[in-house]
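Below are two complexes that have subunit A in common, paired first with subunit B and then with subunit C.
What follows is the complex of A and B.
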């Protein structure tokens, strides 16, 4: 079998995010900002939750999983969940679970680690959706519609997807492209997280979301990702000892997401484990 | 106008010549085909919103149909291989029916795939923008499925050509007779090519496609590719026997001699043993090796509507098929043999249902419940209507073309004798 050619990252940046769940109030502003920025369809009746298209979903989690918690011990948290921008075992040679499965190369991972999706290339087979462990990929079950005057406020930088295609969060990569071009015009060849910030992070009123470069050890997101409060969604491998981790990684790839969650609440961290 | 009237009269006379049972069967099949057309148009023009699939449950009934049809249609490559390469001439009376069933299974797999994708008009992207990756092997299992399925479909089409050429109206022309004769002689090449191709797509669609999903505890296991090949060999052969036997019952004559059925049933039974052993290893390795890699337990990944009872049922069907098809006493009795092949087919159907239904229902987050799925009327009609169309084509072949040379010889012999 031909040896797979390693794709070493040529860029300095590896975009990641840290979300402080203790600061998140569940206001949904990130979801609204994301939907507005990415031309998410807005149906008159959006009550069919399992067929709704959202790049960013705010999941409500309580410690009442077994209906055992009693007042006043019931605790609630909100988890803003978008594409976790998985890397696979080796971030320098990223292998997200959804990219290699696409039969028509409609999705790819960039050298900055962002998993892209080309709506107009997608045939809608939903294989990537089945492969995603974070339910981050959404399918346009219906023809996208925009209620009332919302059509007039569509973002011209993001193409409106056709019915029957998969769409997903790309860390607002169109903003990255726009800001990159602006900076290039000024002679700056690399941009940082100040110039490029996804819509959800810009919209967060409590500063719970931090975006930045995980390759830069001095960045806020790098610092937060290394704290004891950090964990990743249902990614319990982080809690294993090194030997067990290595043994497991030799057997299979792990998603290794670039979105970190922060919390000091033990019950919330425990919720990341299947019983 | 005159020709129209002749055609109409022909149809009326044909209809009147059928028995009551056949008329009822044709009416039911026709109703399903009509539903297939109506709801098929709705799905193609208005989209998959009319199905019960959703963002949690990405695959449904049509994908079970695809997996099942390819695995069961895979009996065509096994039978062809045993007949043409191993030279087991006992299977000769079965081969035409087998090739036709294989062809229909693959045809409707492609039809269901087109319905299942959100953008049917972009279906050709699979050929023009394949995810081939850097090496010789395709990167995406689905790319392999698309290409391999297409190639094998072409092989089956070529294998099918001698059947209509054998019709007495065509066979009387020496050129056509010669073409049919030499195509038949060279069919071992197609059988070999078909087997080569089948090994790949049986493995990829049946197992590899799911086994590579490293993010999902319910599907990931590297050996799933090989398990699917064994599964298709075991169940596909049972399916070929069942279809030809049913045709004989409907036509009320011996279309295939019992010794042909028994010869293939023995192969199916032996392969079922291999399948049982491999499947037991699969469950054992899932429970002890693969699911724990996700910090989950095997038993906890089963729940909701699609519990572990599906797995138990699959093993029972496999065991039933083994006992009946391997023990000569049961295999040589027509009635029990039929139960055996039904059991074999059901084992495969259960496995495919487990892959899709159970696999899709497993929650990704610890705080979420198992997901259920209840196909809509559109899904039922497209699925059953598609199968009804396949049955109608098979019936047409059986009635008008030399699908069962053994039965034709038998009938001609009787005529001659009379």
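What follows is the complex of A and C.
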């Protein structure tokens, strides 16, 4: 058994996100905002899966797979899917599936529970991509090519990933650092006072995405995460009863992601559980 | 005699080539590591600190923008104290413009580092300028202190002051 990594940290926050799929219109604003913020080129042809690199993917799902639904009942939904920031069974001692397999410690869990990825350190072995249950990690097969004047508007706070590295969503942690600097300039030294909003959440026009602190019971995220409409992507263990859950968790680590999806449509809930 | 001369003639191109390439590579390495960052002005940190009693580094090096970078003084900043009336000062300000050779910093951080001066200096556990920049206040030049800024140096301080060493604290 690996030694327990229980460190006292000044950081008391645990960032999480709640996405209301009933509010999501699939406009793709979050994806564009994310690409702009994280220096990802926009791709002309999204069907070229090898070339395409996105942190946040807006996936279209429908209940009409294999002609399962007839005309009036056909329904469509869009799922914004990014890194789910897994934390393992115990959120206080996070063990995401990708961190344990990285041979060069390019990916690690921060004190706020955000799974970091330093793409300059990555050697491109793609173990983490294989271990990720949500396919949230993307591999740069080619050097990013920016069209036109995109290169002039690159974000200086995010490093440009080179060819042959794994990239992923980091909940825009550079925005947190930027906000921290602003607070320090104002004389506020408490890092727990820093609040921030990732690019996708601030770009969402319908307010479907909510970001906040899961440790704070008064925050909107933790309130939404506890509602009946909340569920998590491919995380069937949530529906089991406590005894069965304990038994399963004793055997292995479950991802336990920090991104919650909200929907009251039963077909969508079933589909996201691969039922 | 003749034999040794012919030997020398034979090796002379190699010797010259080696010497020239050594000089070229040294210059290239210096350029890459930004060693000759000195701005060619007769400026002495020591005089300003000891004689004129500049209180601390922040008198001239202010925080720029959101506090990530320490600013470098402009001609206007110099002229806040120097009115430029004496012959010596006149000569200096005539031949010194902001646009000449840009100031270059102690160590250009790589792209993946999010280093913020204000986070290090204005926090509860503060660093001193000299912790990373050396005793610049008592030097007589504007040249850069030689050396890189390895990650271990940052991590040692973070360890000693019990600041988190998670990757995301500095990297992005």
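Simple rule for what comes next: the second predicted complex is superposed on the first by the 251 of 275 C-alpha atoms of A that agree within 3 Å, B and C clash if a C-alpha of one lies under 4 Å from a C-alpha of the other, contacts with A are read in each partner's own complex, and residues count from 1 in each chain.
Here is the rule we go by: a contact is a pair of C-beta atoms (placed from the backbone, for glycine too) under 8 Å apart; a residue touches a chain by one contact, two chains touch by 3 or more.
Values in this document were obtained by computation on a predicted structure and should not be read as measured data.
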**Q.** When subunit B and subunit C are modelled together on subunit A, clash or fit
**A.** fit
**Q.** Touching partner for A:61 - first (subunit B), second (subunit C), both, neither
**A.** first
Q: Check the residue A:118 against both partner chains and state whether it touches subunit B (first), subunit C (second), both, or neither.
A: second
Q) If you stack the two complexes on chain A, which partner ends up touching A:134: first (subunit B), second (subunit C), both, or neither? A) first
Q. Touching A:32, do we find subunit B (first), subunit C (second), both, or neither?
A. neither
(Q) A:248 in the overlay: touching subunit B, subunit C, both, or neither? Say first, second, both or neither. (A) first
(Q) Quick check on the superposed pair: does A:189 touch subunit B, subunit C, both, or neither? Answer first, second, both or neither. (A) second
Q.
Once chain A of both complexes is superposed, is A:105 in touch with subunit B (first), subunit C (second), both, or neither?
A. both
Q. Of the two partner chains, subunit B (first) and subunit C (second), which one does A:163 touch, if any: first, second, both, or neither?
A. first
Q: Of the two partners subunit B and subunit C, indicate the one touching more residues belonging to subunit A.
A: B
Q.
How many Å separate the nearest C-alpha atoms of subunit B and subunit C in the overlaid structures?
A. 12
Q) Residue overlap on subunit A between the subunit B contact set and the subunit C contact set? A) 105, 121
Q) Which positions of subunit C touch subunit A when the two form their complex? A) 63, 66-68, 110-112, 114, 116, 118-119, 122-124, 164, 166-169, 171-172
Q.
Show me the residue ranges of subunit A that touch subunit C in the complex, using the header's touch definition.
A. 7, 9-11, 105, 108-112, 114, 116, 118-121, 157-160, 170, 173-174, 177-178, 180-182, 184-185, 187, 189
Q) Contact residues on subunit A for subunit B in the complex? A) 1-2, 4-5, 50-52, 59, 61-62, 65, 86, 97-98, 100-105, 121-127, 129-135, 137-143, 162-166, 233-234, 236-237, 248, 251-255, 271-275
Q) Across the complex, what residues on subunit B touch subunit A? A) 47-49, 53-59, 116-119, 122-123, 125-126, 129-131, 133-137, 139-143, 145-146, 209, 212-216, 220, 289-290, 293-297, 300, 360, 364-367
